[in-house]
Each structure stands twice: as structure tokens, then as C-alpha cells.
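When the chains are written out, they are named A, B, C, D, E and F in that same order, and each has its own residue count from 1.
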Amino acid sequence: MHFSVDKGGLTHIDESGSAHMVDVSGKPDTERTAIARGEVVLRPETLALIRQGLMKKGDVLGVAQIAGILGAKKTSELIPLCHPLPLHQVDVKLELDDALPGVRITALARTTGKTGVEMEALTAVAVAALTVYDMVKAVEKGARIHNIRLVEKHGGLSGDVINEEA
Amino acid sequence: MHFSVDKGGLTHIDESGSAHMVDVSGKPDTERTAIARGEVVLRPETLALIRQGLMKKGDVLGVAQIAGILGAKKTSELIPLCHPLPLHQVDVKLELDDALPGVRITALARTTGKTGVEMEALTAVAVAALTVYDMVKAVEKGARIHNIRLVEKHGGLSGDVINEEA
Amino acid sequence: MHFSVDKGGLTHIDESGSAHMVDVSGKPDTERTAIARGEVVLRPETLALIRQGLMKKGDVLGVAQIAGILGAKKTSELIPLCHPLPLHQVDVKLELDDALPGVRITALARTTGKTGVEMEALTAVAVAALTVYDMVKAVEKGARIHNIRLVEKHGGLSGDVINEEA
Amino acid sequence: MHFSVDKGGLTHIDESGSAHMVDVSGKPDTERTAIARGEVVLRPETLALIRQGLMKKGDVLGVAQIAGILGAKKTSELIPLCHPLPLHQVDVKLELDDALPGVRITALARTTGKTGVEMEALTAVAVAALTVYDMVKAVEKGARIHNIRLVEKHGGLSGDVINEEA
Amino acid sequence: MHFSVDKGGLTHIDESGSAHMVDVSGKPDTERTAIARGEVVLRPETLALIRQGLMKKGDVLGVAQIAGILGAKKTSELIPLCHPLPLHQVDVKLELDDALPGVRITALARTTGKTGVEMEALTAVAVAALTVYDMVKAVEKGARIHNIRLVEKHGGLSGDVINEEA
Amino acid sequence: MHFSVDKGGLTHIDESGSAHMVDVSGKPDTERTAIARGEVVLRPETLALIRQGLMKKGDVLGVAQIAGILGAKKTSELIPLCHPLPLHQVDVKLELDDALPGVRITALARTTGKTGVEMEALTAVAVAALTVYDMVKAVEKGARIHNIRLVEKHGGLSGDVINEEA
């Protein structure tokens, strides 16, 4: 084992392939944005109860939105190899969708930094979705969290990624 | 507003329907178990790289497993209305599945207490899935986290729930 | 220095008077409830903007309520000598009060355990109050958090405490 | 719903008025300082016990000071819409005041960044005050946390705010 | 893969040898105590500065003591396979020792539960030791944290362990 | 008490010598690297069980590595006067060493900032060492964590520190 601490090159402490948080110190600071999305699929009856504000635990969409925003800020605590970074914006939107039927969750994260923020956007969606699940589980044991994915990603050397229209 | 602090009845501080962590003090302590599952859908090429241990960030399944176990312990921090509780067991299993193609994640949580542990099992699956996503995102921008759901639930007044064979 | 690990007696590691989390292992488990209250004093114009839902950051009372509930769960992380304990109920209520003028916050915490939950109720009030401050600070630099206090406390050897009518 | 990810403009995901962490990516990095203050009002007998170092849990002011510093670092975890940011300085001072009677707490926070640090200073005061409460509650059930407010704020586009002499 | 959710037996989700938090649900609740110890070895000049209260960051032993107590409460967050549990007592003592020369740290943790608390005591020692290091590092780059070990352990099926006199 | 908020000078709120997070706002941002090391001393039989992958809790080195990386990210939460900062790289390596006998742990932390990252590297080593202890404690009650120290430090006004060859 040897740490060569040369500026810019750096230091594969792990030729063995084990886990490490990759060195991003040589990357430029650029503005980074990511949008992620996912759905919680519910029975129509459950959706109706949410819409009418009749869930016993309270306002489903409002609580899940706050949970998603806070969740984005916990990303680097939850995901072992994520770099901790400041966040300049987090937005989480939840919409009721009768066609699913269920709740559609979209999250945007933004920073200026050396790494992207797609994990922050995805984590916001996941935590908001888990919170929706928690708020409805007294009346529905079969809710499913579906299709958490990256929608768009901007900034960084790899260029823009557009998986679908936001 | 009035808090009536009678044993057993208690205290709807919120006749307005706003959010609250429901009173479980009158419930008996019983052994609670929950099993949850979900999948991360990947391209076959990505799956092959995981299987060969060639992901640059390290051992995908090993890191995601630890992340899932730690995630279960963070459930009540992430989900606003979840009760904090001790956990007597957490198991997270990840399997490569060529038929998906992708990674199948199953988590079990167990405690003895007044509330169920399905949110702990679901959170373990979600955090493990986000970690898989993070470990492969350098080579695949289109990974999708699918179908996080409750498989089984035991203990508690509402009886056993079996949504599918574990 | 000597640790005498006798059941019940125990162990003053600190004859020097320095800080320690006191031994509660000999105390019985009893149901514990506490209610705390506090106010955020605002200008009437600010109160009007909250009432009309015109604050730029969003729904002031809804966000502060969730923050208060989550804050109660962080009590033993924030306050060095607090014992970590499960919580069986947390309720946080926020009311607009033209007479203050401002926002009145009341929180209830409940558990069954060896120590009281007044710090949990007080922490919920404090965190909710800080969140109200944060939500209005773009329009008011002079908000003040006032009079966070214990209203009632039940359970435990020291008997009931009633400082004012809840 | 539409995310327009234009540099500088950006993206009101929430025309509905629901909560979001506002976009600060277009703001300049400036040095930010904030000073906050608050008091814990106690009985003279309690104040005397603190002064004599006779509180059973230990050194009240020393423990509360550390709690306040650590609390400042937890601000963005506690307050849902606060931006996470590095901190370049945190100072918390506690003074016994016979005229109150009680403990006066003053906190300073400093960073270089896109948003102010008044919430960090206020959170430090609130957590230090809760810790004082916890340390004295065995001998006083009527302690009150009073008048947590911003004293000064420097840096940022809105200019300096001086509410009172520090 | 199969989860057999039988009481008491349970469920090796991992015949593969991968990590899991072991099932303790079948174990009895007993009173558990553990004492751990470690040293920070310093130059005599550094020890003298601590004794005289001349360290620029403040009171070394007081800050480290609080850090150790808070660290014990974070054990299950830091150590992936540790069970989260309530704590009924935490004591951390720091002593200056000219013979080392350095600081000797002793920590006691106590609970009533299904698993031991040696990791909580050891974590308290480690975090207190890191804090001592942080407080003195401006004047000494060669401090060393030595010999963190279990001194005593009581409660549990495996019987008492006495490695050295407390 | 008076806060003089002059740029660059600043503000000793604490002439009394009590604790504070020192002001680093006047320091330049430079690239900072630190390498720390420590050992867990074990019996040869325990080492053999780790090497053969027979520890009941799972893969000792893999779990400890992840714990160390996550631990580095928690440094400013654990150590009261540490500044929170982004991290650009964290690497933790664990090696079995028959000569100790035991496990040798080396950690590297890197950022660009106003303060060094030696505490982050040392915390990574300490948390990884505690995790090794936890994974083997079922078969060995006498494991000892030894000699956690700084190996190298680069960046910052005080110049490079080389305590031993990495």
C-alpha cells in the first residue's frame, strides 16, 4: 500500500477493488442540476381519501414534501460513497394522478460543485415516496413505490442527460 | 385547543386534520416482523460489470447491503410520523437477476414493540437501491428503482399480511 | 477513580462534579406525558401574510409542525445529558393569535419509560419556533421567540406538575 | 408542472405555494455573520446553585456551550428549508445575570456563502437554552426560555441589520 | 432465498456469509453494564498546557467528556451492525496522567436490554480521545490514541468479563 | 461582552478560555490532505477466522471499510469544535497483519478548504477500528485498538507534516 499524494493524480489506495469515495478534487466547480421522478401506486379508494384530506395521520402530500426536502440533505449520510456537498436549491412536488392511480413525485436539486446532484434528487423522491407509504399504510397494505429514475441532469463533464421530458 | 391527557383515550390535538405522530401508548408490546422487496433495473452490460467486480467505486452489493442496514436504523429520522423504536434484527439481501435484468433487494426488520416495522424494512430496501444506483451511475444513466413493496408483515392487532411469497 | 457496579447504587465516576448522564436504571417504567408551549411574536403585517398563505417559502404552520415533530425525535442528540428513549406520541399544534400578535406553539410528548419527556416537548416547541422564524425572516428581521415553558408533566416519582391550564 | 432549468431564472416547481428550499445559486458568495441572543429565566435559588457548581448533572454553562456549538452545526437538519452550508466560526457565550435572574446566551455564526447564518446563530442559542433547562430541571420546574432574537446580521444583499447593541 | 419467520429460530437470509444485524429477539432483557478505557499519549509540554487551561480551543477535558457522552448515543449510527438501544447511564471520566504522559479516558455505559453495551462504552472512549486530539493538535502533531479496550462487562448470557481492575 | 465583527480580526467572545470553534474565515482555501493510521490487535485465532470469512456477523474488513468512510463524513458532528466541510475524497484501507497480529487501518481524507482534514482521517480510522471490534467481539473479549495517529498532512499554512512513511 502506498499513498502517492500528488496533486491531480492521486492515490489509488485500493488496487484491490474495494469501496472508496472517488477523488473529485481535480474537477472544476460547475453548476449542477438534476431532476428525478417516481410514483407511489395506490388503490383508487386510497387516492380519494388523500384528496379529501381524510388520512388519519394528516396531510399526506404536505408531510411527504417536507420529508423529501430533508431527505435530499441527508443523501451523503445515507449513501456511503456520496460526497457531502452544499445544496443551493431543493424542490419536491407531489401530484395526485387518477390514471396511475397514485401519487407522482418530482424532485429537483441544484448546487455549484465538483460532483453531480442526481443522488440528492433521487433520494428526495425516495424519502417522499416512503413517507406517502407511511401516511396511507393504515388503509392500504399494498402500496408500491414505482420507477424512481433520473429525468434530467445538467452540468459536469459528461454533458447533459435528458431521459424524458420534465 | 385542549389536551385531555387521559390514559387510553387521548388527546386529539389536531381536530384540524394536520399531521401528528399517533398515540400508540395503549397498544401491547408484541413481536413484529416485516419483509419488503424492490428491484433496481439495469442494462445487461451493467449487470455483467457488477458480477465481474469491475465497478470503479467498489463492491456494489456489499456496499448497498451495509447502506440498507444503516438505513433501516434511520427510518424514524427520515419519515416524519414514524415512531422511533429499537430493532432486534435487520437483514438485507441483494441478488443479481439476469431475468430482470438487475438487482433484487429483500430486507427483513424485527422488533418487539407497539408499532410495526414495515417502514424499517421498506426504508432498508430504498436506501440499498439508491446505493446500487450510486455505484453504477458512472456507466449507466438510465437505472430505475422498481416496485418497492411490503411482502409480509407479522405481529400487531391487524394480523398477518402476506402479499407474496418471500 | 473506581466504578462500583452495584445494582441500584451506582457509580459516581465523577466526584469532581463534571457532567454525566445520570443513572436511571433503578427507576420504574411508568407512562410519562409532558406538554410544553411557546410563542413567536411577529408584526401584525407578518401575521396577515401567514394567514393569507403568501409567505414565499411556503405554508408556515404546516412546515413548522413537521419540524417540531422531527425535532422531538432528535432531543437526545441535541441535549448532551438527555437519555435516548422511544416516543409513543408526539403532537405539535400551531395557532395564529392576533392578540400576541404571533404564533402560539403547543407540543405534547408521551412515552413509557424511566425518565420524563419534558425535554422532548420543549425541543419540539423550540424547533417549530425556529422554523416559523426561518419561514418569515425574509419579511421580518425582528421576530422573537418567547416564553418556551413546561405547561404540564405527568408520570414519574416527582408527581404531576401543572404550571398552567393546557 | 414544468421545470425550466434556465441559469439565473429558475424553476418555480411550486406555483401552488407549497414549501421549497429557495434557489440561491445566483447569489454571490459574501462573508456572512449573525449574532443572536436569548435568556433562560430562573429562580434566584437556582442561579445560586449554578454559580456554586452544585447542579447534580454537572457544569451547566460548560455543557450548554458545547451543546450550542453542536446545535449550530445541525441547523439545516432541524429546519426543513434551511440551506446546508459550511461554518467558519461559531461562538456561544453564557453569562449568569442576577438581574434577570437567569442565564443570558449569545451566539455568533460566520461563513462565506450565498445565504445568511442567522438561523445558525438562533439555533445555537435555542439548543444552549434547552440544555440549561435540562441541567436545572431537577430543582426547578418553572424555568422559561425567553426572547430568542437576532441582534446583528452582516453580509448579503439586504445589508446590515442591527436590532440592538451586541 | 427464503425467510422463515419462526419465533426463536430465524432466518439466515445470508447463507453467503455477508453482513447482517443478528437476531436478538429471543434473548432476555437483562441489566447490562460495560466499562472501557483508552489513553491519549502526549508530550509533557502539551499536558502542562492542558493542566494550565491554556489551550486555545478551550477546556480540553470538559469538551471531550461531553463529546464522549454524545458519542455513546451515536454508537448504532456509526457501527453498521450494532443494535440501536436505549441507554440508562453514560459516564465518561478524563484524567491527566504525568506517567503516560497523557490523558486517560474511562467510560461506563448501562442499559437493560437484549444486547451488551460494550460498543457504547468503547465508542465513548474513542470519541472523547478524538476530541482531545482535536483540542491539542495546534500545538502537537504527534499525539497518539492508545489502547482502547474493554475493562469490564456485566449482564448477558456469556457472564461477566473482567479484563482489568476498573 | 462585546462582539467586534471586524473582517479578519474577530471577536474573542471568550476571553474566559471556554470552548469555541475558532474563526477560519480569514484563511485561504488550499488543497488539504491527511493520512492517519491505527491497528486493532487480535489473537492469532481471531485473525485466522477473519481471513477465512468465518465471522458470524459477516465480512469484517468490508463492513469496517464502509463504516470508516461514513465515519469520516460524521467528523464535525462527533467532535464539537471541528468545522463542517465538504470532502473531495475518502479512502480507507484495511489489511490483515500476522506480525501484529491484527488489522492495520489506513485512511486518507482530502478537501479544498480553510482547515485541515486530519480529524476526518483519524475519525475514519477510529470508526473502522470500532467496527472491527464489534465484528469480532463474539469470539474475542480482549481486542485492543492501538496507536491511532497522523501519518501525513499536506496543505495549510503550517506546512507539510510527515510523521512516518505512508
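Please note the rule applied: a residue touches a chain if its C-beta (ideal position, glycine included) is under 8 Å from a C-beta of that chain, and two chains touch if they have at least 3 such contacts.
These figures come from a predicted structure and were not determined experimentally.
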Moving only from a chain to one it touches, give the least number of moves from chain B to chain D.
2
Note: chains that touch chain A and chain D both are C, F
Of the pairs E-F and B-F, which shows more C-beta pairs in contact?
E-F
Would you mind working out whether chain B and chain C touch using mostly the same residue numbers, over half shared, or mostly different ones?
different
I'd like to verify one number: the distance from the centre of chain B to the centre of chain E, where each centre is the average of its C-alpha atoms, in whole angstrom.
29
Averaged-CA centre spacing for the pair chain C and chain A, given as whole angstrom
30
Listed in rising order, chain B residues that touch 2 or more other chains are 14, 18-20, 22, 59, 62-63, 66-67, 70, 74, 77, 80-81, 86
Category of the chain touch graph - line, ring, star, complete, other
other
All chain pairs satisfying the touch rule are A-B, A-C, A-D, A-F, B-C, B-E, B-F, C-D, C-E, D-E, D-F, E-F
For chain E, which residues count as touching chain F in their complex?
14, 17-20, 22, 38, 53-54, 56-59, 62-63, 66-67, 70-71, 74, 77-82, 118-119, 122-123, 126-127, 129-131, 133-135, 137, 141-150, 153, 161, 163
Residue numbers on chain D that touch chain E, as the complex places them
59, 62-63, 66-67, 70
Per the touch rule, the chain D residues reaching chain A in their complex are 1-3, 5, 7, 10-11, 13-14, 18-25, 76-77, 80-81, 83-86, 113-114
Interface with chain E, chain B side, in the complex: residues 31, 33, 35, 61-62, 65-66, 69-70, 73-74, 86-93, 95, 106, 108, 110-112, 152, 154, 166
